Every structure is written in C-alpha cells, then in structure tokens.
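Note that chain A is present in both complexes that follow, paired respectively with chain B and with chain C.
This part shows the complex of A and B:
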C-alpha cells in the first residue's frame, strides 16, 4: 500500500472515527455534569431571552463600538484567516468532490488559480497570527501546547495542500498523500484541543447571550 | 458583638481537596464556559485593571487559570488522559495563594469582560465561582472574611457603637422623617446599606422620605436590616445564603410582596439574581431596586418630580445594577423627569467602567494602590464630561468616589440619585 492509499484509506477512516467519537464525547461530557436551574425570577419573557441568545450569536461576531479601538484589528485578523480557511476547505474543487462523496451533494468551486492566491494569503495571515501570539504579552501568557499545536497542524495542512497543487519538491501522488495524512492528524487532534471551538462558538454565544438577556443585562 | 471580627480565615491544609470540590461542583454551564476559551486574550481590553497597568496578569480569563487547570484535570471529558500523562498538574497552595491578588484585589466582578468575548463567555460568572473555591481553600482576603463572618453571625458586617437599629431610628429623628420599623405586616420590606448608615445617613432619610411620600405600606425589620452581603464578596456561599436568609425570613414574616433593595449594587445582585438559588425555591416576593421602583412609580403617575438644580450632571452606572442587573433605563427616566442636564460618560450604560471599588475591593487594604491607579481611567472620563455634579445609585460606588476625592484631592463629589429624587418630590400623590 502506497502512502496515498494509506492516507486516504485506513488512516482517514481511523481519523474520522476518532474525530466523531471524540467530538461527541466532548459534548456528552457536559451533559453528565450538573445542570443548575435558575430559580430567580427572570426579567424577560422566555421569547425575549431566547431572542437575546440569537442576537448574541450575531452581535459577538464583531466588537461593540466601545471596544473596537482596542480589539478591532486583532479580531479582523482572526476572522480573515478563518474566511481564508473556509474558502480553501469548501470552495476548492477536489475538496468539494471529497465532501460531496461524504454528504452526497456538490457545489461550484473557485478556479484553481484563485485558490492558490487564497492559500498564499491565508498562509501569510497564519504567520501573522503566530507572530501576534508570540509578541502580544497577553496572548503569549495565555498560550499553551494546544494553541501552538492546533496552529501548527492547521498550517501544515495548508502548506502541504499548496505544495501538492504546485507539484513542489516531490511527485504529486506523494505530496497529496502527505497532505491527506496531515489532514488525518488534524482530525485526530481536533476533539482533544481548541479546534473544538468550531462546534462551541455559536452555542456558547447563544447560551451566554440568553442568560444575560434573561436578566435584562447588557450583552 | 461576636468574636467573629477577630477571626482570620484558617488556611485549608487540603488545597487539592478544595480544587477537587470546585471541579466536581462546577456544573455543565461553567465547564462549557471554561472549554470555550480560545486564548485570544481580548477580554483584557475590557478590564480597567489591565487598561490602567498594561500588565497581562490582569487579563480576566487568566484570573481563573488554576480553576481551569483543576477542572481539566478532574472532571473534563479527557481528565484521565490529562492525569495519566501529567498534562495538567495539581494546583498547589502556593499557586493558589498568588491568585488571591488576581481574584480579589484586582477584580471588581463588574462583568465588563463578559461583553467583549467573541466566544460569548461570561467571564465574570467564572470569576465569581472561582472566588467560592478560594474561600473553600481558606484564601479569602482577611477583610472580607472577617466582615462576612461577623455579618453571618450577627447581621452586621462590623461591630458598631450603637446597633444599626438604634442608628436608623436616630437618623429618623435627625432628619425629621418617620422610620417604619418592625411593623407586623407591610407590602414592602426595606433594608439599608450599612455604608449609608455609617457614611450617608441622608440617603437613609431619603429612602424613608420617598416611601412616606408615596404612602407605601412598608417597614424595616430589626432582624433583617443590612442590605450588603459580605458572604457574596468573600466567596463564602453558605454564608452568602445565611446572610440572604435573614432578609428573606423577615420579608416572609411581614408578608411583604416586595423586598426593596436600596442604592447598593451588589446587594441587588445577591438578592435579585442569586438568592432564590440559595434559598432552593423561587422567592415568594418580588425583589426590586429602589431606582427601578421609583421609575415604575413615575411611569404609573404616582410620583411627580420637580426640576432639579443639579446643573451639568453626569451619571456613573453601577455595574451590578446596570450592566449585570439590567436596570439601565430607570435612572435615566428619573433624571429626565427632573430635567437633569445629563452629559453621559464616554463609556456609559452597560459599557461603563466600574468605579474600582466593587467586588469588595474597596475593603481590601492591600488593594488600595492598584485601585487608585485603576480608578484614574474612570476619573478621567468623568472629568472629560465637564459635569459639575456626579450622580450614582450605589452607596459603595459613592464611597469609592469619596475616597478618590480625598486621595486625589479631586474636585468632584458624588451624589445619590435617590437623594436627588427625595429633594425634588412634588406633593401630588394620589395612590389608589
């Protein structure tokens, strides 16, 4: 079995299995903890605080006016590389074909030349994000292995993908095998680290937003 | 008075046990909050302690780091792996002792950090829960611990030459206003900040005057007089409950339909948003802050106010009342009704900076130098409005500003919104 067959065969199956079971366990583990009922009389109706949760999902996508001067640039950088990542994952024809084989639906993609440009831009943004993490005193203090490894493995997938499409340094089959293998590693790591925020972000905003709205508090 | 005032909190030999207790009691919601953090550090930019010092250790989410460590090690989804491979070590007594400064001296529990998180995490709620663990580990600051112990045992946070009951009656005589006390049945039960009794008796008189003016059936109760809750500040959950229960028991005893919280921000949080959970069932009466009560009376046409002569005025929003409690419009409605020329602070309403004294910080002696440094953020904003009058609706905020006035020889004197209302009552009450 060559590298490519291994990477998209048994390795991918194992990685997907670990990803699904691990991510599900992370979510189920919360449910096993105590869920406290708030007995204090709400200020708002159930409808109003549920709406407050939905509003928070949208409003926390960008800093409030009061904070934008201090945090706008950092958040813009964060969102930019996420947008680049989404474009690469969801709008590159071979990825669409792969995802289509899983979900049974395909959609139009972007031209390869544009994807290459997006890859380079996203890579640059990734480097900027790392630079910021190690130079910003607050972020450096908060960062741990999870932050750096999650950055590294995501970056590796982009770099190997770019190398594969550029046929850079090795036969295409080998480069593609390495790219898929790096993706397999990302899938295995996903449920153990901060990449899980992809699943948490909207529920977290919604739940905290609803609880603040329940009190009529600022959100 | 009790010997409680002489107590210092005994340090728990088993810090690990306290941390394990924290992890086991954490609940799904707090666990989810801890897990959702992406280490972006943005919460630092909302915190006045960080803004004033530029010191990363004051980043709000960093203040709960040992507790995140304990949770990950003890109860998170992959806790066995964290323990097996030593990824998360046990929290040590030394580590936790260092965090006392971060959780108490440098956090007002004001909740501004909860507004900035892109993941939506309520960081302030995590900090409050972490204070509980600090208390259980024997690491509540001595000032807060002593006052909480004294209040839990006696009903008063500190001994006083005259019991507060007597002082309350004396205030009534001095200001020539009837003080309803220990009336058997009343629709509204009143309580009073000990800060007002000791420092602002005119605010106590204002409360009595307004209630008398509105002809509301109301009473103070000798056995449930003090609004503050030092158990809340110190992180002693059982003491917080015991202290709240004094008021709850008295409100039930006099068949009150409403417990009215005077101008005291954290008392509002403790009673409006936390007491029922500690009581174990919904409270059989409403809990309202005096500010929102007066705004309701105004809206119902039962309160009419004269135009005030406060001149160019700015308003400091107490965090617990406005940002965390949702009482945002009420103070502005009252000021509007009095024709107050309001000049809002750059950060106002739910986004206002804390006065710097909240969360018990005003009481902690060693926190004073940092508090003064942090307060400058707020004082600069107040000065920038050019206002002659500073109003607020929390006596602890008022005391913090008074302290700043003395420390900085600042030219502003904080005033009570309630007192302004009491001074501008129009005699046109027609209560049905």
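This part shows the complex of A and C:
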C-alpha cells in the first residue's frame, strides 16, 4: 500500500472515527454541564432571554464600537483567514470531490487558479496571525501548546496542499498523500484542541447572552 | 533473423534493404526528437548505428496478454517499424518467429550463447512463481527459470509493459499465481521499465534505440522508467488541463461538460498521478489518447494500478473500500457509530462531573453546619 492509499484509506478511517467520537464526547459533555441555578428573580421574560442569546451570537461576532480601534485589526485578520479557509476547504474542486465521496453531495467550486491565489493569501494571513501572537505580550502569555499546534497543523494542511498543486519537491501522489495525511492528523487533533471552537463558539455565545439577558443586561 | 544478417552492420543491412541514407538520418533524427535529445544526437545516432553490428535482442513473453507486443508492432509509421526490425537483430521472439518447438528453443539458446554479455533482454509479462512456476512454461521450462538463465548473459533488461515492470494485473490482489515483476527476480542487471498497459510503442522503440545507440541506460525515475517518457504526469501535459484550472469538470460521461471537453478529474481520471507520455506522443500515429477519446486515464503505467480503487472515483476521493462500495453510507455508519460511542462517553463524563460537584457542594454545606 502506497502513502496515498494509506492516507485516504485506513488513516482517514481512523481519523474520522476519532474525530466523530471525540467531537460527540466533548459536545455532549458540554451540553450536559451543570449550570448553577440562578436563584434571583428573572428580570426578563423567557422569550427575551432566549432572544438575548441569539442577539449575543450576532453582536459578539462584530467588534464593539468602543474597542474597534484596539481589536478591529485582529478581528479583520481573523475573519479574513477564516473566509480563506472556508473557500479552500469547500470551494476547491478536488476537495469537493473528496467531501462528495464522503457525504454523497457535491456543489460548484471556484477556478483552481483563484483557489491558488486564495491559498497564498490565507497562508500569508496565517503567518501574520502567528506574528501577532508572538509579538503581542498579552497574547503570548495567554498562548500555550494548544494554540501553536492548532496553528501549525492547519498551516501544514495548506502548505502541503499548495505543494501538491504545484508538484513541488516530490511526485504528485506523494505530496497528495502527505496532504491528506496532514488532514488526517488535523481531524484527530480537532476534538481535543482549540480547533473545537468551531463547535463551541456559537452555543457558548448564545448561553452567555441568554444568562446575561435573564439578569436584564443587553449583549 | 538469420545468423548471416546478424553479422552485417546496420548500415550494410539498410543498404541491402534499399533504405536511403537520407531516410535513415531522418529516422534517427525523429527518434532523437521523440527522446527529447539535442538535434545533433540524430546524426550521432545515425553514425553509431551505421557502423555498429546489429545488437541482439531476445524478447521473452511470460504471463501477459500480448497487448504490449501488439502495441510495439504499431509504431507510428510502417517505415519506422521496418527500420526497428532492421536496426536490431531480433533473435528470439515467440510471437513473431517462424520457428517453433525445438527449433525455437535452439534459436534462444544459440542467441544467448553467441551474444553472451551483449544482448538486450526484453521481458513482456509478469513472472509467476506459484506451484513451482508451473503457471507459465515454454519448452518445458518455467518462466522464472528461463528468466534467471536469460538474465545472466544480458547487457540490460528492458521490461515492456506494467506486468513485467510492476507485476500488473497478474500481480493484483489476490495474485493467485504468485506473480512478481522482473525486479523482484533479477537484481544484478541494469533494468529499464517501460510501463503501460500497453506502453506507448514509441516509448518501447525509443528506449531500445537509445540503449542500443549509446550503450547506456537512460536517465530513470524512482520506478526505473526513462525520464524522457515518464518525466511528466499526463495531467501536466493534458489538453484538458486549462479546464481543470478554470474549475470546469464533466460530471458524467455524457453531460454538457463531457461534450465540451472539460476535465475528467471528477470522473476518476488518474492523469494527475500517472507519469507517462500519452498526452504528448499519443497513440496510433499521434491520433488520440484515452482522455482525448472521452475516458479518464486509468493510471496503467503506475505500480499497483489495478488495486488502487475504482477507476471512476476522483483522485482526491476517500478510498473507503473496493469499487462499488457506497462510501457515504459507510462513512455514515462509521461516523454514526463513533459519535454514538462518543456521546455515551460524554454523558458518562458529564454525569461523573455532576456527581463530583454535588458531593463537593454537600461536603461544603456539611462543613458549614458543623462549623455553625
């Protein structure tokens, strides 16, 4: 069995198994977390604090007016590379074929040359994100192995993907094998690291917003 | 193939056959061009060939379908085909030779004896080793014994076709005859693999000619294939490549995309992982090649091509099982089962967490009461 067959065969199966198991474990454990009972009288109706949760999801996805000068650049960077990742993962024809083979549905993609440009831009943004994390003292102190490894493995998938497209340094099938293998590693790491924010980000904002709305605060 | 003819130089042989000097140089220049050699090599090849005795070539066919030989005999111009058979002395070939039975076997042993250490051994087909080699025998000898004997006196071995180069279809799972490629049997001779099922005729003739004229093994890739023919992927040289770059893909073999000549990547084309010259040399005198005829490349020039999953699954698709298995259903089964186990573990861990929290709260209340 060559590297490519291994990466998209047995390794992918193991990775998907660990990903599904780990993600379901953490999501269910999170959902069943005990929230301390608030004995105070609610200051808003049930409807209001439920909608407060939804409002929080929207309002906290945008920089607060008061802090836009301090956080705007960071948020713009974050949004940019997330949009880049979205395009790379979901709009590149070989990726659509890959995902289609897993889920049974395909959709239109973007031209490969445009995807190459997006890859390079996203790669640059990723380096900028790392630079910001390393040079900003507060962020550096807040960062741990999880942050750096999550950055590294995501970056690795993009770099190996670009190398495979450009046939850089090795035959295409070897590079494609390495690319898919790096994606397998990402899948394995996903549920156990900060990449899991993809599952948590909106529910946690909604819960926080709802709890605050119950106390009469606006998000 | 008579011994008298073999002793003539190529130049004498061609003169006798009525081939003009101009025609011969044109042929050599064409071959140099096919092999991407510099223009002056054409004249150098002609000079070398004209004065050299015709090198002996022994062509052995083992576990194969004769498709490779059929390909070889369809070299793109009849005059070139006839030149190939005049440039080399094909001393043994059980498909073409008129001799049969003991006479054929004598021709083989005589050629091996007379040209010991100098002949080019061409192998077509994989070598079965199961049942003591009984799956493929000729003249009462197994293929594996014949190969070992013939390899001893060969200057070089040219494996024609994927079967001899990488085992091919006989080598594919479950390999009932315990077939092997030549490289697994012979380890001490220069081996050149001209893979393909079948190989491009000009790749066979070009490789033979390059070895015969230069006496050297050409530059090879990691699979011992001449880089001149196997240096690029079919995808890189494919005329449909611009459609890949534009993101235009045929979704089925009869849709509008297919009719417009769009890229066949999503229909399973193995061009991106297949190194061969199909897209440049093409077949039948440069008429066409499989992708031009509307079907994706099946990757026949690559090792293990028969065992690499469906010919119709895209290169980037998951390899979930054998062709015909429904991947999405299997992914759903595996993912669903894993998620169910994960959810159960999550519920257990949340329950344990709540229990601990409950106990710690109670012990705090108890401690408070005792303190009070």
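Here are a few things to note about the model shown:
Convention: the second predicted complex is superposed on the first by the 214 of 219 C-alpha atoms of A that agree within 3 Å, B and C clash if a C-alpha of one lies under 4 Å from a C-alpha of the other, contacts with A are read in each partner's own complex, and residues count from 1 in each chain.
The definition used in the following text is that contacts are C-beta pairs under 8 Å (C-beta built on N, C-alpha and C of every residue); 3 or more make two chains touch, one makes a residue touch a chain.
All values derive from a computational prediction rather than experimental measurement.
Shared-chain residue A:147: touches chain B; no touch with chain C. In the superposed pair of complexes, A:187 makes contact with neither chain B nor chain C.
In the superposition on chain A, A:29 makes contact with both chain B and chain C.
Once the two complexes are overlaid on the shared chain, A:208 sits against chain B while remaining clear of chain C. Judged by the touch definition given at the top, the superposed model places A:70 against chain B, while chain C stays out of reach. With both structures placed on the common chain, the touch criterion links A:17 to chain C but leaves chain B unconnected.
Of the two partner chains placed by the overlay, neither chain B nor chain C lies in contact with A:129. In the superposed model, A:5 makes contact with chain C only, not with chain B. Contacts of A:197 after superposition: chain B is touched, whereas chain C is not reached. On chain A, the surface touched by chain B in one complex and the surface touched by chain C in the other have residues 25-26, 28-31, 33-34 in common. Contacts from chain A toward chain B in the complex involve residues 25-26, 28-31, 33-36, 38-41, 43, 56-57, 60-61, 63-64, 66-67, 70-71, 74-75, 78, 136-145, 147, 192, 194, 196-197, 200-201, 203-209, 211-212, 215-219.
Chain B contributes residues 25-29, 31-33, 35-36, 38-42, 44-46, 50, 56-57, 59, 61-62, 75-78, 81, 87, 111, 114-122, 272-277, 279-283, 286-287, 322-328, 347, 349-351 to its touches with chain A in the complex. Partner chain C is touched in their complex by these residues of chain A: 2, 4-5, 8-9, 12-13, 16-34, 93-95, 97-98, 100-104, 106, 109-115, 167, 171-173, 176, 180.
The residues of chain C lying in touch with chain A in their complex are 222, 233, 235-236, 244-247, 249, 251, 265-266, 272-273, 275, 302-304, 308-309, 313-320, 327-328, 331, 334-336, 338-343, 345-347, 349-351, 353-354, 357.
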